[in-house]
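Two complexes follow with chain A in common, the first pairing it with chain B and the second with chain C.
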Partner chain A sequence: MEKNESGVDEKNRQQPFRGIGARINRNEDARFLDGKGEYLADLNIPGTQEVAFSRSPVAHGRILSIEIPEEFRSQVFLMSDLGNIKPVRAVLNHPDFRVSDFPAMATDVVRFVGEAIAMCVAPTRAEAEDVAQSIFVDFEELPVVVDTLESAGGRTEIIHEGWPNNTVFISKPGNGDIDAVAKKADVIISRELRMNRQCVVSLEGRGVLAYQDRRLQELVVYSSTQQPHIIRTILAKLIGVDEHKMRVVAPDIGGAFGVKNNLQQEEVAIAALAKIVDFPVRWIEDRREHLIASAQAREHHYSMKLYADKNGRILGLDAEVIVDAGAYSIWPWSCAMECNMVVGVLPGPYKMEAYRGKGITVLSNKPPLGPYRGVGRPGACFAMERLIDELAREVGREPHEIRIENMVEPDQMPFTTIAGKLYDSGNFPQSVRKCAEMINVESFRERQKLNAKNGIHIGLGWASYVEQTAHGTNEWLSRNLSEIFGYESATARFTPDGNLILEVAIHNHGQGLETTLAQVAATELGVDPTNVVIRYGDTAVSPYGLGTFASRSMVMAGGAVGKATEELAEKVKRIGAHILETTFDSVLLRDGMVVSGERSVPFSEICRVAYRHAQDLPPNEEPGLTATVAYQPESGTGAFSYATHAAEVLVDTNSGLVKIDDYVVVHDCGTIVNPMVVEGQIQGGLAQGIGNALYEESPYDSNGQPLASTFLDYLLPGFTEVPTARIEHIESPSPFTRYGVKGMGEGGAIGAPAAVVNAINDALKNTGVEINETPVSPRRILTAIQRAASTSDSNEGNNL
Partner chain B sequence: MNISLKLNGKDISADVEPRTSLADFLRSPEHGCTSIHLGCEHGVCGACTILIDGRISRSCIALAVAADGCDVTTFEGLNDDELITQLKDSFHQNHGLQCGFCTPAMLISAREIINQNPDLDEASVRFAMSGNICRCTGYSGIVAAITEVAKNRK
Partner chain C sequence: MKPPPFDYVRPDSLQAAVGALADLEWGGRLIAGGQSLVPMLNLRLAPLVRLVDVSRLEELRCLEETSDAVLFGACIRHAEFEDSEVPDATNGLMQQVAAGIAYRAIRNRGTIGGSVSLADPSADWITPLIALGARFNIVGQEGKRVCQAADMFTGPYTTNVGDHEILVSIEVPKLSAEAQTGYYKIVRKAGEFAMAMCTAIRDKQHGLCNVVLGCANRKQILLPNSSTYLADVGEWSDQVRADFRASYRKDMQQANRMEDLYELKLCETAVLQTVESALVNS
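Now for the complex of A and B:
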């Protein structure tokens, strides 16, 4: 049999080819284009009562009393009304990790504005909100911790009783002798940088609906979650239901991006409530709740020193990173995940002799930090790439040249980084070279010289990064996580009429997996991918698996589907060869048939025999055509995608507004399953990265009150803010994964903050302004310009 | 309060609370217009876009009582609309959707801007569509889809 690079049987390919690598349109589009997606708020289960949460208006306080009007008492449920419900406890398996409990609803102390206190139940949400309004909670207000650096410095109130300070965990990755490097360095680039707190913002908020199924005697929990199986496991444990008597269903999801990738307190509360009432109950998150009470993201502070020689060769990096993780640890990630990721990946695609990382996770009276597209890496990339651009400026060279010279070379792969990550494959410098060609750097510099008129400046910014994806068993173990997400599973099932169903434990909410998993099956079985049904999002329809997050689904579930359909392909061929009275080696699968020369037998006939007429099977062949498998990549260290981004921006120093004129991405995610889907993910991630760079921020005042609780004060990038990127691909298949596929869901969001902010700084380089904080709002630009002007004035004054 | 209106071509009447939003009223099981999606409930994201008397409107910040006597068309009522059919095909061809939550409203807004002025280029599509937010696609597929349909209709 001929095999291509990915090890796939060439002869199984149908004409036109629609398997792995084909740019085909999406199977899942039809129902959404008809307006018939079924999201959580669309479920229509008779008798459902709606829930509004009464939430804390104070950032830190002890609950002294809760007064509920007598007329509403039966409609209000406090934690104490729910029976024995365990608090959520997310831990890292490390002796230094400081553990805190996060109850589904506060019982004695509230630690951020928006923390749930009571559930109010009524036939409609409006009436439930009326009940919530009637509840009076008396607090003894406690000192509020808002400032991250003060909290890290131990100068504030302690948030969890019994702790010596607010520091949760300190991680210290690195290698080499940083002091020796510091001594011999010609150039030291030293900077403080900040990536401010932001919200995740799925367009559909979170939501949970739960009821008791009388016939199956099980608790059914619908949740807008990325990981239904995992949620069932933890919910069962916390609310005291056996796992085989609970079903978790994730229906269509209107965007998730990480905010639906953790156990939610509301899931615990609603599931616990459904246990004790005899009607379905549902909570739909509104936008204010999403912006103030769901898990938030980022809030990184960097103190960085980059050491280099006079030509710009990097010698070492010394970095202290403080991440403000809010008030609690969310399950299963723990609040240290973000910071640990940052210091683990800071060196990026670069070689260096020494790295000393220190990542400090501290708490504050803000919502807990959770995963958001990129997890830690948008900040790490922003901080590192800002320094690289400044290094280039310092040694008088073009930033892209510095990058090329310092990157890990393709012949060094696989490469163990100074922080201990194993890069599997790739040609990092090539991504920069290609990007530079597409931008035409020389011609840009000529234009830049001409252009600084009327306060309008143009700038070019770069960002290169490595995106670890499909984290395997080794990676999760090294992170000391309580759960190990190193595999995925799938069932491939022919129906008796010859059609194919794939049952998977991941979820699909925009990633195109109803198409790309079908393309995998098409590659193995020679079936029409548009006719494959993918079932997911329901613990009752697939084998156990871990969910969709961390750019893992294509690698993990794709691998599982590949393995399962390969197993079925073998059996289909055995049965087909038997029917055709020929040998196994002389048949192949094509267009839904077993083919031998001029003769063929359709899958419908194979399935008739396999399911309904076992007497016609080959000797010793078992009836049925179903395969259930688990798949894990050959190495549990992850598959590493990478990219270089280049942004061309225009900065108006009169208004402080930034416009992105051009955006180029050269990207490598190994074997591409569907280029259209890959480009869609890059472009979509890019939009979120642009939001991170320029618009999105969740600030808090000194009382811990959120200052962004609507879309009027939490700005999202829109049609006029996000350019269509020019995207080119490099394909370096991973040696560790089936088909050589690497994950790629987060990269767009990782590179954009660095590229855009570097471009802004390049535009402003002759004005004495440098901005190292996101989002770069007009206010920040104008303030920086004013400050630079007054500094130069006072300098002049001193000189006089 | 009692109201009467035309919903997707049918005359309906109902007794609604004065505070009930038009979106909640139309999404209720009785009317079942679940193509209306609620992304913010304060009139910014555009996911609840419908047509009131033929003009695009945000059903989340309209009250049901204010629709008394109006001709209301939701995405459910545009199944046979020729332009919507073309737009749906173009969104499919250009990867103009990911999670699908903003999609019905995007299609209604796109139909409106093309009907108003089919002489659209990329920049004018972006400007005219800027009342709808998409969190997944980064807009490029949507812009390409709408621009293509507008071009073909000229």
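Now for the complex of A and C:
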């Protein structure tokens, strides 16, 4: 059989081809661009009362009393008013993991500013906030733990009673003899680095609406979540409802990026409230709540030693990473996921003889840490790639050359890394070579040599990384998670008029899956992908599945849709061949028809027979045209995408401002289903990576008060700050997945912090300044320059 | 993020508006464009009893041009300056300033008088109005009065306008055709509040020469040494730049503003960029 460019059998092509590999517009864009998406706040269910949470103003305190004005008592619900609701307990299945509980609302002790204490119910949000404002909570304030390193050092107050210290878990991946490597190394690059705490900031905040459906006798919970089925499972358990009497619906979602990929405390509280009141209740997160009370991200501290020979060949890596996970462990990931991910992937695309990783997760009186696009890897990539650039500088070579020489070679694939990950396929060095060509390194260096004018310096920074995606059963088991997310399911269903519906358990909130899943179906069935309906986000409309996160949906749900539609294709062909009075082998599917030579029969005719006139079916053929399948990739270890980013920046040492002049991405995500969607994902991730590199930070003062609780203080990159990246594709299909696709939703965010900060350091290399902390704000740049100037004899040129 | 309950009135005359403020001991607030006030209300940060909407008062939309000045009503919107819908008294300076305020959506609603009355230290209008020597017409129960630019801005978020008074209009003296102007601000991203900003004006014919510095969270200051130096300096050169740097440092020393090195550097950059653009571009 012929293969097309994507390596997919050319069996069911329609003209023009719109299946896997085609660059077609997104089906979902019409409604989104027309303002016709339906989000949680758009739901209009009669009688709905709005909820405002009363939240803790202190970072650590024991609740002594809660005074509620008598006139409002019936509108206020404390944890004790909700009946027997279990606290959330998110653990790793590992004997060393220290267990803590996270109640939906605080009962005795609050552990971060913003922690929920009470629900206030009123006809409007403003009135609900009035009620919330009237509540007086008396606290016995407890000492506050803010500094991550102090918390790790055990020199602070204990956050969870009964613990010996605030360390939750220590993970120690690695292999080889690091001491032997240290002895023979010519060069040691030793650095401390820091990626500060961030918020996630989806355009639409979180939100929950719940009510009792009297006809179906079920509790209906609408939530802006990435994983409705999983949420139903855990909610049912926590609030004491049988799962078959509960329906969870995730409507359109205005961005999620991981912050909607956890069980949310507010989901538990609102669902529990809906159980005991006889009207629908809704909470819509406002921006301040989003910035201070939703799960946050990053906050990594690195102590790294990279060992190499005098030519820049990497011998080994010794890394201690401390991640500040905030006050609680969130379900299902646990608070240790971030740090464990970091130390698991630090070696990146490089070969080395020895790696010693130590990942320490500690708690503090800040919001809990959750997944955010990239999970751990933006920090890991930042730390590792900073060291690679410094290694290149130390041995006097170009950073991209060092990368090429140290990378796993294509003929070594599949390759088991020093940290135990199995890389399935790819040509890592090629991504660097292509990137270097696109940048034209030599000409850049010529321009850079021309002396910096008026304090403006240009720099070139690199970042290469490996992006594990579509983690399967084995990977989740190795991470000791309580839930195992190794598969996805789908139902493919023809309607009696010959049209196709796909019912999937993943969610689509920017990934283009209403288009790309249709393209998979188009490939298998030869149908028009613009005419395929994709239903998702509702436990009532699809088989059980695990949701959209961890760059898994195209691989997992794409595989499931492929398998289900392949099954349907067989049956359609059998029925078609029977109608055409020919053999199965002589028919093919094209443009919504079963075709045999000059003759054809449309799917509408096939479906008429399958659903309405069974007498015309082939002998022994069952009526109906529906297939429900589950799919898991062949290896449960994940499909590894990778990329190299290169950023060219301009640093103004007068103002500390950074401008990104050029940005190049060469990536490989295996078989590409829709290049336009892939490029959009890269560009979107890049915007968040640039935020991470230059703007976004959620600092806390020594009392644990958040210093960035509005967009005045929490800066996000906007349209003018994010350049349009020049993107090139490499396609190395994964041997482990259907069609060879790999996930790729996070890469843009993974590479950008490293590439941008490396570029800034390259620009400042002659000023004696090195910056190893994100975001690289004007204050950090100017302060570093001022410090360098004050410690050097000559501060000429700095003018500070 | 919804406001607590409050009264809302929209008086049909300036006098009625003054009255609506006067019969409250405290908690009366004017609203015009609402671009700063409404978010503050939503955050429940601004204590409020009564909102007095002055956005439609004719007196506050007035526009009078004479041979030596233009009188701008307080409720003229930033976008009207940006789009040249009002007379230009300043060789394009006010248009340049307006066009750089936040985002267009904010400029469509936000007003010059609202911005001046709130006196956010990062607000764009303040340094140019001080540098221009604008006069502020204020009305209260005791009647009208005029406040000079030098007395108008008393600190971050505080002005000469009393709690029961209304800023009605701003009179901006016209610059001569030969006047040179510069305005520069340092922002981390387009549309954000400035970290530092500066306006420089040299109008030899009118004997006006001012360099005014603004800095996030600080009161705006007129830089006397830099202003004096600007008055007679020749063409822009490296030497002129160095001299301005020295005069700026002297100004900051005199203002007791040397302790924060980061701020010192940012403000220096803003000042040098501003005087350079005044001397080179205009």
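We adopt the following convention: the second predicted complex is superposed on the first by the 781 of 800 C-alpha atoms of A that agree within 3 Å, B and C clash if a C-alpha of one lies under 4 Å from a C-alpha of the other, contacts with A are read in each partner's own complex, and residues count from 1 in each chain.
In this section, contacts are C-beta pairs under 8 Å (C-beta built on N, C-alpha and C of every residue); 3 or more make two chains touch, one makes a residue touch a chain.
Just so it is clear, the structure is predicted and the values come from calculations on it, not from any experiment.
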{"item": "Which of chain B and chain C A:704 touches, first, second, both or neither", "value": "neither"}
{"item": "Of chain C and chain B, partner touching more chain A residues", "value": "B"}
{"item": "Partner chain in contact with A:712 - chain B first, chain C second, else both or neither", "value": "both"}
{"item": "Touched partner set for A:720, first chain B, second chain C, both or neither", "value": "both"}
{"item": "First, second, both or neither for A:748, with chain B first and chain C second", "value": "first"}
{"item": "Chain B versus chain C as contact partner of A:367, first or second or both or neither", "value": "neither"}
{"item": "Which of chain B and chain C A:201 touches, first, second, both or neither", "value": "first"}
{"item": "Touched partner set for A:126, first chain B, second chain C, both or neither", "value": "both"}
{"item": "First, second, both or neither for A:657, with chain B first and chain C second", "value": "second"}
{"item": "First, second, both or neither for A:32, with chain B first and chain C second", "value": "first"}
{"item": "Contact residues of chain A, present in both the chain B and the chain C interface", "value": "124, 126, 286-287, 710, 712, 718, 720"}
{"item": "Touch list for chain C against partner chain A, complex", "value": "1-5, 39, 43-44, 186, 188-193, 195, 245, 261-262, 265-266, 268-269, 272-273"}
{"item": "Chain A-facing residues of chain B, complex", "value": "17, 19-20, 24, 27, 29, 32, 34-35, 37-42, 44-45, 47, 75-76, 79, 88, 91-93, 95, 97-104, 107, 125-127, 129-130, 132-144"}
{"item": "Residues of chain A touching chain B in the complex", "value": "25-26, 28-39, 41-42, 44, 124, 126, 201-204, 252-257, 286-287, 509-512, 676-677, 679-680, 683-688, 710-712, 716, 718-720, 722, 724-725, 748"}
{"item": "Chain C partner contacts - residues on chain A that touch it in the complex", "value": "124-126, 129-130, 133, 286-288, 654-657, 695, 710, 712, 715, 717-718, 720-721, 777-779, 782-783, 786, 799-800"}
